[in-house]
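Structure in structure tokens, see below.
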């Protein structure tokens, strides 16, 4: 008998220190339908998914599987009930082969002994469905492109016989043929009666794939219904909660002096066309492109955290040595993409994180001056609107938005000339997002040169004076400020016709 | 004992964590002292107190170096090797003559520096797991000593050094005084200086620290070098304590220093723990070991008790104050930060 | 300063790894050194080196370290470490001799008992690590103290006696191949099969590669890790039994220091201490290298005072050159 | 549900396994026959009727005891029962297997301390004198390592082998070498009869342990508190001497052994232990120590505490004599001379040359008390030297142990 609800949530609430991720969300997916789960970063999609798949337990509320209320203790329990997730963070193990990765957790075996031929057949079949039929099963997964790793992740889910398949932004790293292969496999899975939860930020996909739509915002459910009722405008309006234009303050015009000159830069270890660009004081230049198109790598190279490669970088006409120390001294600093890994020392108090880059300024002869440290933190707290219980609170305990402000704050302590921002609003709730936008605009207005990479197109377009579009490591477009450039940029980034 | 110098955190929750970190070793210490009072009354004599104090000094100095290395996520298994090397270098060069003491000590320090540099080079430049790197240099030191002395170190430790191991200041053994001073210095340096900040942030998150402009390689290397220098000092104390060259590699000091730090609550993953905790761990371990000897327990019992105490200490720290809190389950789910 | 940056997660193309790195990864690098040493020995002392007796001696000396390293290899693959292997060898060696004490009828039950004992100590390690969430380094360090202490408690002097059937087995050989070496070969084959041909083996790699990913893929990580530590305990017990058979008596210090040698061997063999990557080929290469060093020192009749230095230099060089870097 | 059923099945299985294991242990505990003859740690169980030249051999054995008794001024020192015989000279006589010179394998302790160094240097020195080739392997004090060494040395097919045993664990491997046709001479240590070593050349542990204990008993007039400071737990050299001492003290009902501790033969450890003794047993009357290095630590601890040093024993380390020079410390010392290795070599050569050899060669070496101590001090030599030494002077100078 086919259940009415393949997978659902009832009044699910979940809080983390400093942030309420979900507040009483009720959600249901029917068998055989593709259900698009939409919302901005930080809207609570990922948390909802983690609860639905047993990776986290809700503070209150229940999970429903096949019309039955269940409580999952671990992902194993969810998998056992036929709920198969494909997470946004890749869980492909880079040291293992494609075969092992695809079959991980669902090996075909008899009394614990692998049945090699069956393993290969299953893996091969799953790979064929995601258009990777030609891939050698013995390839080490870490050697594959990110797109292929994502497809392997999906193939892993296909190997299982699942009633519900949850895909968390599977299209983020895919394009062209690969994207189409993904779409066709999603359609065929749904046709077999499997419920599909599909999370995406490419709104086009909603039109192409979804049968139903649910929109989340700030941890609450905005609306849910058949996809036909959701034209693009409605989705955007419900996701953002206000008119898009009003979110982004107008940037002040840039000045004339050139701060950063990059000539013929080829990042180390990359085989791509050289990049040249100029950045003026007070200018915000957006970097757009798919994940893996080389935006992050360029920023890291400029920041001196991964060596240089070929080409020259000059700050105010003075060539820059390719070392981290020299780069920071020259006033070129990076707010990294992986905030928790590269940006913060989570178990240090926020005030110490804030002054980590400028230890000299708060110390005399190596002696930390507590008063100066407090003052430094208070200044940034005021300037950036950091909401923390006090300077002694651990960075770990802050919400994503405030953590991000701390990372920006620690770099403001060294009074940089060039600020490199990599995904500055990832995992940040909507309120904090607009504050960060305000901060960015203000910094530029005060003369700082800013390079901003983001996978959220509206953000890049809304903030920047001009947008550089990346594809395969090369700049394929330089588009002046234009609120309607989204489509043009997408085409450039995907390499489809303009 | 030295007052807990400058905690890195002062928020309410941080204070709670701080207190709970000390509760376990403190309870252990009280337990040992009570047991000692019941079973071996002579434990509370001046002589035994002095023995405990000497042990605290010797283990403690090694444990200070070990703590530094642990704080940057490493481990040092070569401390006892450095101790033996110190003894041999000093004895061979000075041959018991006071006039050559100073140069002998300088040479020993240089030897210690060399070992520290080898450790640091392997760990920082070659990314060798610290555990393996320092063990390899331990084997190398052993080889160097035997090859150089042809197996039979000759010479003597100058008498002028005798006060370091055997002297007393107001009835307090000099090693304890040295340890107390060093612990105070280390505690203040870690808690109140920029160097301390660099050590903690490197240990907690090397990548974030590096990207904040901290030269983590130099920070880590310094910790290994300081640890080796602590080994030199422990070696000087040990050799002046007896006055004869003792090339026997006192292997137990490596494990004792790690055990003391761990019992006190220094995390092996790096960045967590304060010198005051190490001091507490050292005091507990020294009291425990001395009590066991007083009790007449054999080597077997001493090992069993040490092992049990280490397991218990870490168990309690993992649990925090609530004995049956479900924290273990959640910590298990988080990906472990490897041992490098 | 050359602290390596973790490879950026979004790099679409990877730098082509050089052949040294590949060789290290596959565990072949250390065999190159082993081959070079064999070549040198063949040239300098060909007759003695290739004599049946010397080969037998060489192979025999690899058995105990090989078995222990096999267990250590598995534990390290799973992202853990086992410092208690030496202690487990000690206690099983001692108890084998003490409990058998020359009574043939006791042989079989005691051997089974020792295997159970090894598995139990391993299981205890595993329980503390998985269910109580304590770090493997500390758990096994504590266990090292505990078990060594227990061994000294049982007897502080060499004690007991094994039966002739055991010593005959320990000294017996077919041509240059000792029976005990066949035990090692059997264990290696079994472990290879377990790691590469069973679900459990795949799960060990997965758990070591990323515990959280493995959990998300529905793997019962607790069960896998328990299995890993039990395997290590079992192998240590087998090593202990063989050591007792060869010594004919049990000694309370028999396995001292084995844990460090075993870890060194595994690391030299290119296995990452972070877990998730490593080959048995490499680990066995490490065992071969260490056995060969000792063998060649005697064969070449180096002055006794520099043998330790040579050993130290080779180990430190191997460690510096062959340690596999993070991918 | 199925899950609980499964769990129940599993717990049942675990229970079954436990019961099975318990049964096995029970069976093991009450089994019947022990295999082979018991080997009483060096005690002679050789067939008496085969004993060649027993009387003469027995006399040399007793001689080694009476000389110590005389040196320590003991009226009574009964030798531990021991049967010494002559080995059939025909059995092992042989021509060199390769070339003109004999090749003698030497499984040594390794240069881990000055005793080990002098032991192997004296061996090599004597080998050069005799024109014998040496095949050398060092165990670094580790019995497990020595098992491998012996096997490897045996595989080189030497004419004879001299082994400095590191522990009983090597007995099986020694037996394997002997059955391979290599005469094995044990040097500076003993192994159980089962090793089938052809001859054992050593200073007798029982003799040292007993003589020290008897001297203490005499000093105390058969009454008082004694502490035993042994070397390294688990190492035969230490344990046999300790056992002999304990057996001797048993004979005196008024002597109480208050504690037994280990010094690891390190003055540092011994000093720490002695400081503990002072605190725990202020009325200690004498200290039995098996090593001079241990005794140094004890003397220092007492001197620093400002207390009179109780009568003490140990081996005659030059450092100890230097440290007690001019004090009124009462001591009795003997040596376990490393240079006995040259006698071991002689014994091996005698076997190969078909000359008469005893199956147990007990080395006699000088013993003395504080009264004669002065005359044995070697100001010109290193502290680690065991005095008096019979090692060649030029060797000592060459090793840097003494000044020319």
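Per-chain numbering from 1; labels A, B, C and D assigned in written order.
Simple rule for what comes next: contacts are C-beta pairs under 8 Å (C-beta built on N, C-alpha and C of every residue); 3 or more make two chains touch, one makes a residue touch a chain.
For clarity, every value in this text was computed on a predicted model and none was experimentally measured.
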Consider the two chain pairs A-B and C-D; indicate the one with the greater count of contacting C-beta pairs. C-D
Please tell me the distance, in whole Å, between the geometric centres of chain C and chain D computed from their C-alpha atoms. 33
Can you check how far apart chain A and chain C are, centre to centre, with Cα atoms defining each centre and the answer in Å? 43
Using the average of all C-alpha atoms in each chain as its centre, how far is it in Å between chain A and chain D? 71
Shared-contact residues (touching 2 or more other chains) in chain A: 305
Where does chain B touch two or more other chains at once, residue-wise? 146, 150-151, 207, 210, 215, 298-299
Where chain D touches two or more other chains, by residue: 110-111, 117, 233
Would you mind giving me the full set of chain pairs in touch? A-B, A-C, B-C, B-D, C-D
Would you tell me which residues of chain C are touching chain A in their complex? 5, 8-15, 197-200, 202-203, 205-206, 209-210, 212-220, 272, 276-277, 327
The chain B residues in contact with chain A across the complex are 8-11, 13-14, 192-198, 200-201, 204-205, 207-215, 271-272
Could you pull out which chain C residues touch chain B in their complex? 1-6, 79, 81, 128, 130-135, 137-139, 141-154, 156, 210-212, 215, 260, 263-264, 267, 273-275, 304-313, 315-316, 319-320, 323, 325-326
State the interface residues of chain C toward chain D in the complex, per the touch definition above. 48, 51-58, 60-61, 64, 99-106, 109-110, 112-113, 116, 152, 156-158, 161, 163-164, 167, 170-171, 243, 245-249, 251-254, 256, 294-295, 297-299, 301, 304-305, 307-308
Residue ranges of chain B touching chain D (in the complex, touch as defined): 40, 42, 45, 47-48, 50-51, 54-55, 146, 150-156, 166, 238, 241-244, 246-248, 250, 290, 293-294, 296, 298-299
